[in-house]
Amino acid sequence: MSVLPFIDIGLSILVVTVAASTIFMQELFAAVVSYVAYGLLLAFVWIRLYAPDVALTEAAIGSGVTGVLLITAGKRLVPLSRTTTEAEPTLTLRVFAGTFAALVACALGAAILVLPDEPPSLAPEAAVAASGAGAGLGNPITAVLISYRSFDTMLEKIVLILAVVAVWSIGTDGAWGNAPAQLRQARPHPEMVFLAQVLVPIGTLIGIHIFWVGADAPGGAFQGGALLAAMWMMAMMAHLTEPPRIDVRWLRLALVAGPAVFLIVGLAGVFMAGSFFAYPPSLAKPIILFIETFMVLSIAAALPMLVAGPPNERPVP
Amino acid sequence: MTFLVDLFRIVAIVVGTFFFVAGTVGLLRFPDSLTRLHALAKADNIGLGLVVLGLLPLTENVLAAFKVILIWALVLVSGGSTAQLIGRALRSGRR
Amino acid sequence: MTTAALAGLVGAALVGFGLYGLIVQPHPLRKLLAFNLIGSGVFLVFGIVARRGAAAGFPFDPVPQAMVITGIVVAFAASAVAVALIWRLYSETGHVTLDPDAWTEPSRERES
Amino acid sequence: MNESLLGTAGLILLSVAAGLARVLSGPNDVERLMAVQLLSTGGVAALLLIAYATNVPGVDDVALGLALLTAFAAIAFVNHLEADEGGAET
């Protein structure tokens, strides 16, 4: 008799309960805390689905960084955070919305239960791609990200840059070029400074480690980059460093480095191996690690800039 | 010898689990915030520490053992500092 | 019932709760939270497709998993843009409501 | 033996998750923060147990990342608590 079914059922009930509490909590802070807890629990579901890569991404970006984004935003809107000028939704709307949501959920659930017995899979093609272009990579997900679906990954990096540009552009005209507001206005407590001073160097090493092992084991550019981004934000919260002005050159170079290198290597493939993103098999692993290094840089620069928000109206003295 | 190691392992993990359960009960049942913080800190530091000690005999090489101990050290540092910060927030809130 | 099917049903329930919150919650940040809930529910459904597609020696189909990873990052980027929009709305109007009728009234401060 | 490690992981996870009832009941935000703190430490312990009980690779790296992120989220939340109490001086 295995214990696993019981853990599965308990975990499922927990995830659904905590998800419901993110919707039904009265206060914003309580809802965001529930959301972070929900992301942690969801990471365990991903591990049960044999997806530690996704689990780490979910825990880092889906739960940790998104939670910090919402908390920071809630604090900036603090005069109104518990106030809405809008009327509370009427009972009719609640009933209608509840029925509609329940119908969609039931339809989706039914669709899952009648999925075909012979599941379609791209795994064989991915395996071919991994043993071809992604030769020497032990982690099939990294092989898929960088070689089999390389266009997706590159465009996703470009989406990240577009989002940074959009966030910057949303600021007022006069603020262009300034630094974003500090993540923490008040002077940090000594404990906070101590924690940041200890954790930021160690965390940076761990981020690089997770990126490095990503070639052969779960981990990779996204997860490593997210951890590095978290460490940068921690340093900014403890005032070890300030948010940079958005027009400094190193920041912009770091942001575009990932997609630019990706694109250059892809174009080089046209001349070297005859098609876009084709690598000569013997060089595949070094090339992929080269691209990923710059992707880590871009992710680690973009995520904190997205959390820090638009540039500030008055320059930081 | 193997028997002793196994015994140590099992005892450490069971006691560690007990600390997590006790920490949860404390968080739910203790009367005010400071006592709850105390329960939380015990679960954080001792609970995870004992689980880590119990897993150490299972590690295959020095690197894996180092990683497990590093995780404990990270949680110790961050748990201790966070408890300080929470205590400070509580005190300034009561003033 | 297999783990994958159970996780899929959890995903469906998450989409349902998120949809309800998106419609009913008045605060834009709460709407954003609900929207993220829908997103992770969809990712979970995609994840069970990955788990069921185990073949060619892998315990999972790596293609959907890789796409979920990119999806999580894109969802975060979209949330960040939405937060920036809400912030600008607040700094322009002093409100965080999406209801145009409420804009004419002065914002009232309710006791918390 | 693997079964017992997995069962222990499940027990720890479910018990610390029961502490999330504090998120619902409060009474104030400090309790909510503590409940999440306990959940993530318990989560790290459960992940380590799972890492040594199963052959899914890389679970210990997930635990490592989670241990770091716990501190990160805790600092951000403490940040928020203080603004609530009017302690934010520039």
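By letter and in written order, the chains are A, B, C and D; residue numbering begins at 1 in each of them.
Rule of thumb we're sticking to: a contact is a pair of C-beta atoms (placed from the backbone, for glycine too) under 8 Å apart; a residue touches a chain by one contact, two chains touch by 3 or more.
Since this is a predicted model, take the numbers as computed values, not measurements.
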Which of A-C and A-D has more C-beta contact pairs: A-C
Gap in Å, rounded to a whole number, between the CA centres of subunit D and subunit A: 19
Euclidean distance of C-alpha centroids - subunit A vs subunit C, Å: 13
Between subunit B and subunit C, centroid-to-centroid distance (C-alpha), Å: 33
CA centroid of subunit A to CA centroid of subunit B, Å: 28
Junction residues of subunit D - those touching two or more other chains: 33, 35, 64, 68, 71, 75, 78, 82, 87
Residues of subunit A whose C-beta touches two or more other chains: 4, 50, 53, 74, 192, 195, 199
Touching two or more other chains - residue numbers and ranges from subunit C: none
Pairs of chains found to touch, sorted by chain label: A-B, A-C, A-D, B-D
Complex interface listing, subunit A residues touching subunit B: 189, 191-192, 194-195, 198-199, 202
Footprint of subunit A on subunit C - complex, ascending: 3-21, 23-27, 29-30, 32-34, 36-37, 40, 43-45, 47-70, 72-81, 83-88, 90-91, 94-99, 102, 105, 107-110, 112
Residue numbers on subunit D that touch subunit B, as the complex places them: 5, 8, 11-12, 15-16, 18-19, 21-22, 28, 30-31, 33-35, 37-38, 41-42, 44-45, 48-49, 52, 60, 63-64, 67-68, 70-71, 74-75, 78, 81-82, 85, 87
Footprint of subunit C on subunit A - complex, ascending: 4, 8-9, 12, 15-16, 19-20, 22-23, 28, 31-32, 35, 38-39, 42, 45-46, 48-51, 53-54, 57-58, 61-62, 65-66, 69-70, 73-74, 76-77, 79-80, 82-89, 93-94, 97-98, 100-102, 104-106, 108-109, 112-113, 115, 119-127, 130, 140-141, 143-145, 148-149, 152-153, 156, 159-160, 162-163, 166-167, 170-172, 220, 222, 299, 302-303, 306-307, 309-310
In the complex, subunit D residues that touch subunit A: 3, 6-7, 9-10, 13-14, 17, 20, 23-24, 26, 29, 32-33, 35-36, 39-40, 43, 46-47, 50, 56-59, 61-62, 64-66, 68-69, 71-73, 75-80, 82-84, 87-90
